[in-house]
Structure formats: structure tokens, C-alpha cells
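Every chain is named by a letter (A, B and C) in the order it is written, and numbering of its residues begins at 1.
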Amino acid sequence: MTAHSTSLSVPQPADDLATEPLTLWQLGWLRFRRHKMALFGGVLLIVLMIFSFGGAFLYTEKYANFNDTSQRLEPPSSEHPFGTDSIGRDILARTIYGGQISLFIGFVAVLIETILGILVGALAGYYGGLVDSILMRFTEALLIIPTIFWLLVLAKFYGGDVPEIHIANRAFSGSVIVIVLIIGATSWMYLARIVRAEFLSLKEREFILAAHATGTSNFEIIFYHILPNTIAPIIVSSTLSVANAILAEAYISFLGLGVQPPTASWGNMLDNSVKYLDSAPWLWFFPGMLILLTVLSINFLGDGLRDALDPRSRVI
Amino acid sequence: MFQYVIKRLLQGIPLLIIVSLTLFLLMMKVGDPIATMGGRTITRPDDRERLTRQLGLDKPLAVQYLYWLIGNDWTKIDADGDGIPEKSGTRRGILRGDLGTSLVTKEPVAKLIGERIPNTLILMLASEIVTILFALFLGIYSALRQYSTLDNILTALLFIGYSMPIFFISLMSMYVFAVLFKQWGLPYLPTVGMFDPQVGKTTGQVLWHMVLPVLSLSVIYFAGYSRYIRSTMLEVMSQDYIRTAKSKGLPRRQVVYIHALKNASLPIVTLVGLDLPFLLGGAVVTERIFAWPGMGRLFLDHLSRADVSVVMGIMMLVAVAVVVFQILTDIVYAWLDPRIRYD
Amino acid sequence: MVDSLLRVTDLKTRFHTPEGIVHAVNGISFHLNEGETVAVVGESGCGKSVSMLSLLRLIPTPPGEIYSGTAIYRNDDLLKKSEQEMEDVRGREISMIFQDPMTSLNPVLTIGRQLTESLRLHLGMTQEQAEQRAISLLEQVGIPDPSRRLGDFPHQFSGGMRQRVMIAMALSCAPSLLIADEPTTALDVTIQAQIVELVARLRESLHMAIIWITHDLGVVAGMADRVIVMYAGYIVEEADVDDLYDIPSHPYTLALLAALPRVDRRRDQRLKSIPGAPPNLLVEPHGCPFAPRCEFVIEQCLAENPPLMSVGKNHASACWVAVKTGLPR
């Protein structure tokens, strides 16, 4: 046994963890890497948002919708860094404005589905019994048809119901609103299940029993006592849902039933690209890449959040 | 065990009822069967009236729902508009396999679906097999080499894999393997349809045409599955009974592939079983891109023409498939896990 | 002249964790003779399990690292063997049984399968031979109706029975050394006694050496020939079993013995516990690791970590006070 220092201080008991971490590079890297990914995801997402919303200062929307058929299907050049599409519109500009729409749809749809999911999940979990049965049966029933079918059907039949919107000098196809509502209306079920599970376990806890005992109303208990404790899984789920919402919009727009032109979205920019696959790969490459980067950054971010907010999940 | 099966079957029925109701109400609200059937020609008022009676659209919703479920060949409808029902209905209802008639092509929906379903099934099954094989391999491999650089790289790649929209992979793979390969003079893959009409529908043709669509479908799924398998394996490998197995001096292969994998296979089977019918969703986009004549394509074609009968029929079928698979998965799981089987 | 079966010298194991390096085993040395039973005693976290798992190289290596020492088993250093060679040793020469029988058996394989696989692997038996042997093993450990039970799964057995099955599994190839890692801790007291008795009986018939890890000194008394007391990854005392109880020579041992509930104590006397908490293994200790909780501490204890020093025949203690002035009984 080696004697270490000659200090006469009594070694501290177990609760003193003031040591400098001596991490083996592998494990340290792994942990750091996880957080690094989340950080990277967050930064990337911000960059993409700046691209879409800030890019509006570089290109006007008029320019994005301006079509000069004599310049159709031009490959990327200095004048058109992303090339031009099948009717001569500048793709870079369209991806900027398309990004605004796609991101907007992603975030707002998630807002809607979070509210719906929390409502249904909280009520089902808290009241239990018949309320729970009915709500959950309904939720399960909706889940048994893959979302894309619901999306396509609703988009087809309600897509044209909202007229063009004019805000701040810009015109948006009403289909944007419809898409947001549809995506929100078909994706809340997953969150509802999560919230319900949380409520089921939390409502038996002592602090809730105490709240009951002091006469707190159900409304207050649900929203001020239990709900704040379920924030962690809600945040994780909602973050990852943004990626799903963006993909959903992309899928239905790609199939022609989503955001209607001339309003651009990353998804509908890909609509024609199959036809020109061999001659103009830049048609699908840029919007597709942007979607991939956005979804990737959100997934990284969501994963990091999950790690941070759920310390129990130890599996790497 | 038998009781368990019955119980699960009974649980599935209310779900199907709810779905069928929701679908029915939705379709009745959004669709305009008369307009659809008339196609582009505007139907004359008395034509409209006749069709309305024929299709039973003048009856209350509840009755319409009933007819949809169990048909109307057991009752009479008033075909000539004189207020007296005299002709027998011809519908047998979905519960007896009659999914209605296409508003556009006038063919039985069941027949339309039946023609296309095998094509989609081929795609789905092939994708699922490819997915499982790759995911097992990658998942186990990276679980065993946890912390290695290779594992980290793989994890990052898989992350990218499942963040990709299907059409991006499809388009990219089409571009590389069809367009670029052709430019470079390499043998290139076809991108349209199930077979080359000039050659005919041979197995070779179908397989060759399947490569790209299956590739597109599988990549996303096996990226996700790999991660799941990896984390399941990691969890299993950290269990006490694995330590016991090692302490007996069992070789690595036996420990991993028998002791660990058998346990890991339980949640994996659940994942695969529950996910399988959802592959149908992915097929919709893929079939459109590759012009594959399957059910997804059928859905899109008829949806764009507002053919609610076909659309409803397909969705109902998918719903039934999902419920059936849920039950099957539960049964298989219960059978595989001795703790449930021998209770 | 008894043969030394196992001789461990200066074994050190540590774990690399995100919070730092955990020094789990800090240089332990001991030996074991054929047929001898040595008990390893100490609190949770003192390194007793980790040291024995290190011998069999069952420590996962990333985070873990066996970075020093030798473990000579019959002329071979276990720590230098390849993984392949270790697979030949495990289950055949040295076997291990574990604490929790609920989780230590594979839930999806029949116990017959779990029994026969080592027999087929190490002894080259055929399936039929292995099954016959498995049945006889189950009989020996006291499982009724063994031939029918071969096809059963672990969840169909009670805790005590599962532990018996584990014992059967471990002894199936007649190892020379059995490492028992707290096999009775998770069991009822009455079952505990049965298991201890079973192992004792089997030990006789197999002439097997045993390392019995436990935190329960009561169990030790009936079973062991010698006792090793561990604390914070160090061996702090080592003695023949009777000497340990008669002349405990380390403050920790004294405290452990004093903490034992005794039938002959007065009922109104409080149970004595050891004040303080086990040290944080992330920190390498300055001086004796037990000093903060020791009632006999002197200045030297804080300055220098005492090595194991002889205090009698076959009796060593890592305590300055014990060596200089002796401890009160």
C-alpha cells in the first residue's frame, strides 16, 4: 500500500465528490458526443431557420415565384445557385420561401397536436374508468390506420376549402392552413398515450392526494399539479414530432395533395422532379437535402433532450 | 392460451367498429358519389335522382352504414322511383366481403384490390426480410462493439438513414443506380413498373425491378430497427443471466446468439409484427415514384378521382390487417415467452 | 502438506466512468489451498465481488480494467490467459454462483438446457448422457421429480429451488474451486440455512475449495476455514475463522462483530452500527481508508495506509494500532 500525501487532514466521507474527472477518452467522448450531437442539431436547426426566414431579405417572394420559361431546367450556376425548375423559377429562392412554409407547418402542427394530445391524455389518465375507455378506444382506433392514409384523404377533400390568405403583402395558398390542421389532427394520438401513462402513474402520488384533501379543483390539479410534472416527456415527444410533421407535409405535398402552388414548400417542389430525374437532379436534390438536414437536426436535438431529461435511460 | 386468443379477438372488434364508423362518416361527408360517378359530365337532375336511389343515398345515414356493413340484398330498393321498393339490393356488405363498387370504373372494389394486393405484398415482404436481416446484423454487431469507433460511425449513419424522407432515398438511388450507371455504361436498374412490357412478366424481370423500390423502403426501416435491436441487445447483454452463462465458460457465440438473442427476440418480434402492416403506408409513396402497380398506387389513383368506395375499401382493409397483425403478434409473443406460455 | 490451489498477488481493478476512475480493488493478495473454504466479508461496495469476478475475468473491459497483479491457479496466471483459455477454465475448473437466483437464470431456456450445455461443452457428453447426469445433479441438490423438471423453465421454480439449480449447474463439471457470490443474501433465512448446508455437503463429496463472499458474518462461522475481511478495496484482516472471532484484530472487524444482533445481548441494548459511510471510491485514499470511522485512530493512520502485517499465526491485519498496541476485545 502506498502512502499518498502527508497531509494530516482527515479524508472526507463519501459525500464529497469534488474530484477532477479523469475520463478515459472513449467514455468521455461518448458522453460528449451525445451532447455534441444535440448541440450540433440545435445549431443546424437555427442555421436552417435563418436560411429560410433570413433569406427573405436576399430574395423577394416575387422573385421566387417569377417564372421565365426560357430559363427552365438550368443547372446550378452563379446566377441560380440551386438551378431553375421546370418553369424557370429560381430554386434557391423557392427553397427559402418553401422552407418558411415547411417549417411553419411543422411547428404549428405540433402545437396543435400537443394541445390535443395533452387534453385527451390528461382527461383519459386522470378520470380513468369510462372516460378513459372511450377516449382510448377512439385513440387506438385512429392509430390502426397508418397516418398517411388519413392525411391523404383529408388533404384531398378539404384541401381546397380555405381560400387564399393575404398577410403583409404576401399571398399564401389556403392549403397551408388545411395542411397544418390535418397534420395536427392526425398525430396527437402518440402524445395522448404518453400523457395518459404519466397521469395514470402520477395521480396516485401523495402530493396529489394532498391536493385533493385541501379541496383543490380537478381543473387545478390537472393543469397546475400533474401536468407540470409531465413536461419532460412532452418536450421530447413534441420536439421529435416536428420532424414527423415536416416529413408528413413533404410526403403529401410530394404527392400533389399538400401545399398548392404557387406557394412553395419543400415537399411540393419535389412534385415534378421524378419526370426530370435524369436531366435535372438539382430539382429534387436541394429541397430533399434541406428536408433531410432539418429532420436530422431535430432528431439529434430530440435525442439529446431525451438523454438530458430522462436520466433513467442509460442505454446508449 | 386459447382463451387469450379469444380475448384479443374480442378486443379488436370494437376498434374495427369505431374505425369503420369514422371512415364511413368521413367518406359520406366528403365524397360526392354522384359527381364522381358522372365523371366530367354534369349529371342531369333525374339521373342524379335515380343514382341517389340506386346507391341508397336517400336513406338515413344509419341505414346506409348498415347496408355498407351487411349489404342490402336481404331487402328491396326502389329502383324506378315510384315509391314502392321492388328490386332486391345487390350488395352483400363488407362483412361478407363485398367492398362495394368503384365509382369510377364500376368494377367491384374487392376485385380491384385483389389484383393489386399481391404486387404490394411482394414489395412489403421483400422489404421486411431485407430490413430484418440487415437490422439484426447491424444491431447485434454494433451492440457487441459498443464504444468502438465503428459503432459510433454506424450509429451516426443510421441516424441519417432514418431521418431521410422516403422519396429522397428513392430519388437518390434512382439517380445513382439508373441514371448515373447508365451514363457510365454500367448495368443499370430499372425504375418504372414491375417488369419491362417488351420482355414480359418473368420472375427475373420482377426481381430486377424490385431492387430499387425495396432498397428505398428498407433503408429507413432498417435504420430504425437497427437502433432498436442494438439497444435491446445491450440491455439483454447486461443482464445477470448472461454473466452466469459466461461464468460457465460458454463460448461467445453461444452466449450471444442463444442466451442473449433468444431473449432479445421477444421485443424484436413485437416490433416487427406491429410494424409490418404500416409498411403499407410507406408503399404508397414508393409505388408512386416507381410506378409499381400495387395497392398504394391504386389508392392514390382513385383518391385523386374522388372514388370514395375504393378509398374506403382500402383503408378498411388496412385497418383489419393492422388489427389482425396486432393479435397475431401478441399470440406469437405469448407463445415464444415461456413465462406466458406456461402459466 | 496442502497444495496451494490459487495464489493471488496484488490484484488491482478499476473502472473508468464518466465521473472519474473508481478504484474498486486496490491490491489484494491471498492464497487458497485445495479443499479450503475462505470467506470474504465486507460491506456492499468493498470490492469483494469485483475481485472474484476479476479472477474469472468476468469484468466488462471497457469501463473495467484489471491493471495489476497475478492470479496463479495451478501454475497458470489467470490474468494472462486468452479469452479462449479462460472459457476452458470457467465452469470446468472454477465455477461461480451468484446472488439473485431470480435474474441469474435465463428465463427463456429450460433448466435442462442450461444444465446440459456445460456438460456437453466441457465434458464432451452426448445429449442423452448429459441429461442423465443433469437428472442426477438435480437429485443431489434436492430437487424433487428431476426428470420431469428438466423441461421446466426457471420461473416455474421458487427462489430457493432456483438457487439449488444454480448450484447444480455450477458443480456439474466438478470444479476444483467454487466462487459463491452472496448466494444466500436474496433468500429467506430458513432457505439460507438449507443452501449453506447443501453446499457444505457437496464440498465434502467433491473435495472442492470455496470462496464464499458475504456480508453476513453469521453465515461465515459455520462454513469457513479462513476469513478475509475487505474494506474499500483493500484486505484489512485475514485469519483462521476461530481466530477472527476470538481475536479480531482490525477495528472494522470489531465493528462488524459488534454489529451482529445476538441472542444473548440484553434486549434494551441498541444495535450497534458503524458510524459514517463507506468511502468514495473515486478518490484514492490518503492514509487508512477506515480512519474516518475508526474509534482507535491515531495520527499515523491518517498519514500512512497500513499494509497487511502479521499479528499472529496465519493472522494478519492492516492496522497500525492493532500491530503496535493490540485492540481491546
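Rule of thumb we're sticking to: a residue touches a chain if its C-beta (ideal position, glycine included) is under 8 Å from a C-beta of that chain, and two chains touch if they have at least 3 such contacts.
Note that the structure is predicted; figures quoted are calculated from it, not measured.
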Sorted by contact pairs, first entry is A-B
Chain separated most widely from subunit A, comparing mean CA positions: C
Roughly how far is subunit A from subunit C, centre to centre by C-alpha average, rounded to an integer in Å? 52
Inter-centroid spacing, subunit B versus subunit A (mean Cα positions, whole Å): 24
Using mean C-alpha positions as chain centres, tell me how far subunit B is from subunit C in Å, no decimals. 55
Residues within subunit A bordering two or more other chains: 26-27
Where subunit C touches two or more other chains simultaneously, the residues are 62
If a residue has to touch 2 or more other chains to count, which residues of subunit B qualify? 146-147
Quick one: which bits of subunit B touch subunit C in the complex? Just the residue numbers, please. 146-147, 239-241, 243-252, 254, 258-259, 262-263, 266, 336-339, 342
For the subunit C and subunit B complex, residues of the former touching the latter: 56, 58, 62, 83, 86-92, 95-96, 98, 100, 103-110, 117-118, 121-122, 152-153, 155-156, 166, 169-170
So in the complex, which bits of subunit A are touching subunit B? 26-27, 30, 33, 37, 137-138, 140-142, 144-149, 152-153, 156-158, 243, 247, 250-251, 254-257, 270, 273-274, 277-278, 281, 284-285, 288-289, 291-292, 295-296, 299-300, 303, 315-316
Touching residues of subunit B toward subunit A in the complex: what are they? 14-16, 18-19, 22-23, 26, 30-31, 146-147, 152, 159-160, 162-168, 171-172, 174-175, 178-179, 182, 191, 231, 234-235, 277-278, 280-281, 284-285, 288-289, 299-300, 303-304, 306, 311, 314-315, 318-319, 322-323, 326
